[in-house]
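Once you scroll down, you'll see the structures, which are given as structure tokens.
One chain, chain A, links the two complexes that follow: it is found with chain B in the first and with chain C in the second.
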Partner chain A sequence: MMGLLKRRETSLLVIILVVVAAVTFRAHDFLSPGNFEYILKDSSILVIVSIGQLLVILTGGIDLSVASTIGFTGMSVALLNKADPGIPLVIIVLISMVIGLALGSFNGMLVSVFNIPPIITTLGTLSIYRGFVIVLSGGTWVSADQMSAPFRDFPQGYLLGISNMISIAILISLVFAAFLYLTRTGREVYGAGGSPIAAQYVGINVKKINFLVFALSGILSGLAGYLWVAFYASAANDSATGLELQTIAACVVGGVSIMGGSGSIVGVLLGSIFLGIVKNALTVIRISPFWQVAIQGFVILLAIVVNTVLDRRAQASMLKRRVL
Partner chain B sequence: MADQDSKTTERETPSSAGSPRQIEAPLRGARLRNLATQWEILLVYLLLVVVIGNSLLSPYFLNAPNLLDSTFNFMEKAIMALPMMLVIICGDIDISVASNLALTSVFMGMAATAGAPTPVLVVIGLAAGSILGWFNGFLITRFAIPSIAVTIGTLSLYRGIASVILGDHAYTGYPKPFAFFGQGYIPATHIPFELVLFAALAAVTGFLLHKTTFGRKVYAIGNNPTTARFSGVKVDRLRLIAFTLNGLAAGIASVLLTSRVASTRPNIATGWELDVITTVVLGGVAITGGKGTIWGVVLSVFLLGFMQFGMGLVNIPGQVMNIATGFILIIAIMVPELIRRARNRASLARLAARG
Partner chain C sequence: MDSILTLKGVSKDFPGIKALDRVDLSVRPGEVHALIGENGAGKSTLVKILSGVFPPTEGVITLEGKPISFRSPHESQAAGISAIHQEATMFPELSVTENIFMGHHLKARGIVGWRSMQERTRELLDSLQIKINPRAKVKTLSFAERQMVEIVKALSINTKIVIMDEPTSALTLREVEHLYTIIRQLAASGKAIIFISHKFEEIFEIADSYTVLRDGRWVGEGKVAEATVDTIVRMMVGRSLDQMYPKSEIPLGEVALKVEGLTRNGIFKDVSFELRKGEILGFFGLVGAGRSEVMRVVFGIDPADGGQISIDGKRVEIRSPSDAMRHGIALVPEDRQLQGAILPMNIRENTTLPIIGSLASRGVLRRDAETAVAQRYGTLLQVKSAGWEAAVNSLSGGNQQKVVLAKWLATEPRVLVLDEPTKGIDVATKATVHKFISDLAAEAIAVILVSSELPEILGMSDNIVVMHEGRITALMSRGEATPEKVILAATTSAGGERSSL
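Up next is the complex of A and B:
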């Protein structure tokens, strides 16, 4: 199984290299350090939110409310910064994560305490949280000149030559890789999704895990909420709409099983970067950006079908080997 | 996936509870039916509350022409809710319906721009909707992929193709007679055509579900697909039919909506999947499949429709209305779950008392 996963991630890496080579052939400055850094920077938010999505999908759930959570936390901290520019950035970031935690915990409570299927819960909260954005903002938006300089400049900053956006994405990836692979709770996330009933019998508190993954997804979306409004230097009522589909695409393209139980951080990283490259390539080779959503849908379907077929084949060959 | 998740746990409970449950089975069936009728009675009360509340809020609400005209705003969603019932009773879900509607509308817009007459537009609408719905069903049944995963993909794909074709412009050149479907009335009355069409389609759906073997098989699939298959039900074929019908309804809704707003714009029907699924679930259809009646869904259509109409009368913006719709969706699933839990606890206590 590990071999198969590894193979799938290598094949994705090969596909990425082929796409990059093809696009570079058409537009030579695609691979310039500046453009490549821009792609990574632009993918950072997707990476952070997709890791939250990964946790939820690993348990067999789905979180459709991530984009609305970004919209709400982003608007909240932007308004807060506008009201009092003196609040230190650390506090702003903490507040955005706490708001995200609250929204994510509400999802988690509905799923684990009231047994409402994740798809229904988050379809509902997708609309609820987005509605909250309008209520909060009164329909207005916060523009760049209404934000304080440290608030707006952080995503453009560098530390040790690395963009702050990229550093944060790497840091989050490392923290969650350590959580998933090295901690007992992390292994339980895989267990809970692989077979919920078996997990219950071996003593995994599935309800607790279900709550936890939504809460963590909320925290990551909250962090992304601040990064979004600061990076794009505006907090609009429709910030990040549709990003939930991109996070799901990043996961399934990265080989995460939509049925739960299998998937890796490396896969999600590659999946997010793949989507970022496709998005950037469309602009570079001058194809209408309207293609982005269609390609994303196509890529989601293709990845799901391929994953399913590969999984089946792997299972079948495992069974055969046992019989022989 | 989510829905299967809860189903497996549900399936697991009877076996772990053992034989006492089986002895009680006929009794439990009666109680469930009881619960269903109670749910519909609750919907009638809620509908009354909404009607009375709206009449108090606005003097323009309780007026036959106004009330009939208000149905224009929700008949397309109502028609989409009918086969969505079949899909959800089968234990599946389709969140791509609004994208299907949009892409179908784009196809009609292309044809209208090329000078196609009204009948051709209608045929294109119904055919395109059905094909897109069939494609969902094909991927789901052929590759045995959860419906939620496939329809998340087609939600993005269909909307994406629509926006590629549409770009940043809109189709507005629809022929005059085409306006009848979404704007017309039955001649010599004040009854909208859309309302009559919904009534007819609801009657057909009700008949199919409650009076034919097709309907019984749909419930059987939702209750337990494996048992259904071993009982000779062609499970995948019926699911494919349900998804195709769901696409057909999106096509019908697309004809009506495109005709009503006389244009195809990039944001046509965005977010409608929430309203459609909420209508079905609020109508008492179990999201885990196997349960629900046409009466519940019809009541739910008017309950939600009049509620949104009333909120519109007092100038509540659409996205704020969505807060209410989202909460209703969640509460509509939470309440039966809480009732079920209370009953389980009560019957366990009774069993314990009996020894």
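Up next is the complex of A and C:
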């Protein structure tokens, strides 16, 4: 199990602790259970979608359409709920995942069947799916009072003292950690991304893997679509815009190689939580909202630089030890 | 014993080229079969057919008596043929264990059985006395260790035939010895090994039988015990060994480059030498002696921590490659794929890259001028290609090296540094490159030849600098140098003595 906690993830954990300590010094209630729970809750959607992004990045691709997929599935299930409040929540969640699967599969098909580079494919579908949101809604939005109580309340609920949002994020993390670490297909995701040619030689169906990761990313974005509109109690035309960049940031901060073949669920969890902490901290220590976005970007870059330098040091010392 | 693998009349056509023309090959279990031939002789094509990269245009391949055809590399592996590739096809970010089992992970109760894979990996490594941590990421391994992992991988899938494509080209002497031991062990256990090499010592050391290809055709085969170097060379290139090092005697001119006390902390120390116009100065040393590192500093890639460089008697500061180029220095780096050529670009673009500014008129690049330059140097070096617009990655290794040479010659250098210019290329191309180096010196260009091949150093240099662990341990003239002296200097440290010219 050593492989689960690699050096890079450990150094990120240290960076997070330093940030938390520094912020707590300025604002003492930053570490209060209430605020900490809020950060985790607020990061849950990012965690879920970033895991989908991780899968795609592991194959050397990128999925820019995740936020639009959230927007479209969120709007779809919100309208469905508005039209027929009697549909059970389980069915709503399943429908959101199926719609996500359909959108993700379309990406996957373009990438693996038509060989269109992922960045181009998903840049296109980013616009297409967002466009569908507006077509579907007719430019209006679904507000909280138009949603049924179970639909709206689920994200605010608790089970065994843990917020439903956090529970789902943990469940998804465990499922996908098991997938990536313990199944043959999961390992082949690393293989296909790490070296596509080598993967071919050992008989990995690289096209199949490429399709699969986009489909899975779609399912996770679909699930996040429902969670988003229910958590924020509103389905707007611009729901989640820009989230795709945050998922990429969460992966990169978490040590996922943008070249593919390297990265872990633990890293993505830490990366997402780091972003959540920075966002929250800037508000807590009362940084002007005008500055917040720029500072967020700066802190993300700083974390990546520090993490990369530490990682390179560690590798260099490892090589040195080998030589001696 | 009967053959395990037979090829009968195998041909391969590419648009415009017949890469293989009715080639026969027969390999028996338990033997090491050397596949010998110059660049473009068709060895790589043959390996690619055997490893399932593409099918032959015609001909029959039989494995254990049954005719076979592969639709993918994976099918070839599944049939029992494993190719250990020159450009290793590995997963750098993953562990040794996982590299071995990728594509056929062992399972325990439906999930990946990490423990049994670790154990199996350890067993396989132990059986060949390879000391590598199964958990180490492959990117942290040396080239030799990666090769070992590839061999172990072949064993893990019960391979019958192991193809090794120039396996020793990047190994140190000790690593080569270990590889030989492993190869003998594999052969003893009944596996057939197809061993591709340019080095005759190797063939005579390790191979039992051989097949020679030339220009895509079968030329001959036989038992190594009954062959001599000269017969094989003649088969390969149709000429004898004496023509390998066409060094012409040229009166040396003035000092073109003078290096004094050059130091880069922790890498090399106090390196001094002089290079005259028309001179070929050989730099010999073992891997890691610091030769390439000295050249990187001279060319301005890495900064010096001490010492000075003079060009034509004037002290110069070289802070970047463009400084070096302005002073008339050109460097042809060792690793042509990483540092030398931009592979997806075509021959014309590669050749004119360093002088692109001078080929533009009013900021617009003149393509005809570019083509003229590429043509001039390409023809001079006899680059074999489908034209000047052919992408460099479509060329063979030797021809890629020629393009890199052409590119630096186009800068019309006064000092030319060649780092392992003939590494990994075949005898015939080597001879062309040697002839060419000799011609350059005759035009009063000062040449530094960094090489790990002793015959090349001895055959081509006017003077020889030997380095060991970052210091110059000997300087000798062509007349003084013997293989024994040079090797001795390359393997013993400088002691307390300061070496200088």
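Note that the second predicted complex is superposed on the first by the 284 of 324 C-alpha atoms of A that agree within 3 Å, B and C clash if a C-alpha of one lies under 4 Å from a C-alpha of the other, contacts with A are read in each partner's own complex, and residues count from 1 in each chain.
Here is the rule we go by: a residue touches a chain if its C-beta (ideal position, glycine included) is under 8 Å from a C-beta of that chain, and two chains touch if they have at least 3 such contacts.
The shown structure was predicted, so the numbers you read here are calculated from the model rather than taken from an experiment.
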Practice task
For A:139, select first, second, both or neither according to whether it touches chain B, chain C, the two together, or no partner.
Solution key: first
Practice task
Have a look at where A:119 lands relative to chain B and chain C in the superposition and call it first, second, both or neither.
Solution key: first
Exercise for the section: Could you tell me if A:130 is touching chain B, chain C, both of them or neither one (first, second, both, neither)? Expected result: first
Practice task
Identify the partner contact of A:159: answer first if only chain B is touched, second if only chain C is, both if each is, neither if none is.
Solution key: neither
Handout entry: Which of chain B and chain C A:90 touches, first, second, both or neither
Key = neither
Exercise for the section: Scan A:197 for contacts with chain B and chain C and give back first, second, both or neither. Expected result: both
Practice task
Using the touch definition from the top, say if A:149 reaches chain B (first), chain C (second), both or neither.
Solution key: neither
Exercise for the section: With the two complexes superposed on chain A, say which partner A:261 touches: chain B (first), chain C (second), both, or neither. Expected result: second
Practice task
In the three-chain superposition, say which chain, chain B or chain C, touches more residues of chain A.
Solution key: B
Exercise for the section: State whether A:184 touches chain B only (first), chain C only (second), both chains, or neither. Expected result: second
Handout entry: Common interface positions of chain A, toward chain B and toward chain C
Key = 197
Problem - chain C-touching residues of chain A, taken from the complex the two chains share - result: 2-3, 178, 181-184, 186-188, 190-191, 194-195, 197-204, 257, 261-262, 315, 318-319, 322
Completion exercise
Per the touch rule above, chain B residues touching chain A in the complex are 1-3, 5-6, 8-9, 12, 93, 95, 139, 143-146, 148-150, 152-161, 163-164, 166-167, 271, 273-274, 277-278, 281, 287-288, 317, 319-323, 325-327, 329-330, 333-334, 337-338
Fill in the blank from the handout: Counting only contacts in the complex, chain C reaches chain A at residues 51, 72-74, 77-78, 89-95, 98, 102-105, 107, 111-112, 135, 140, 142
Completion exercise
chain B partner, complex, touching residues on chain A are 60-62, 110, 114-121, 123-128, 130-132, 134-135, 139, 196-197, 237, 245, 248-249, 252, 258-260, 288, 290-298, 300-301, 304-305, 308-309
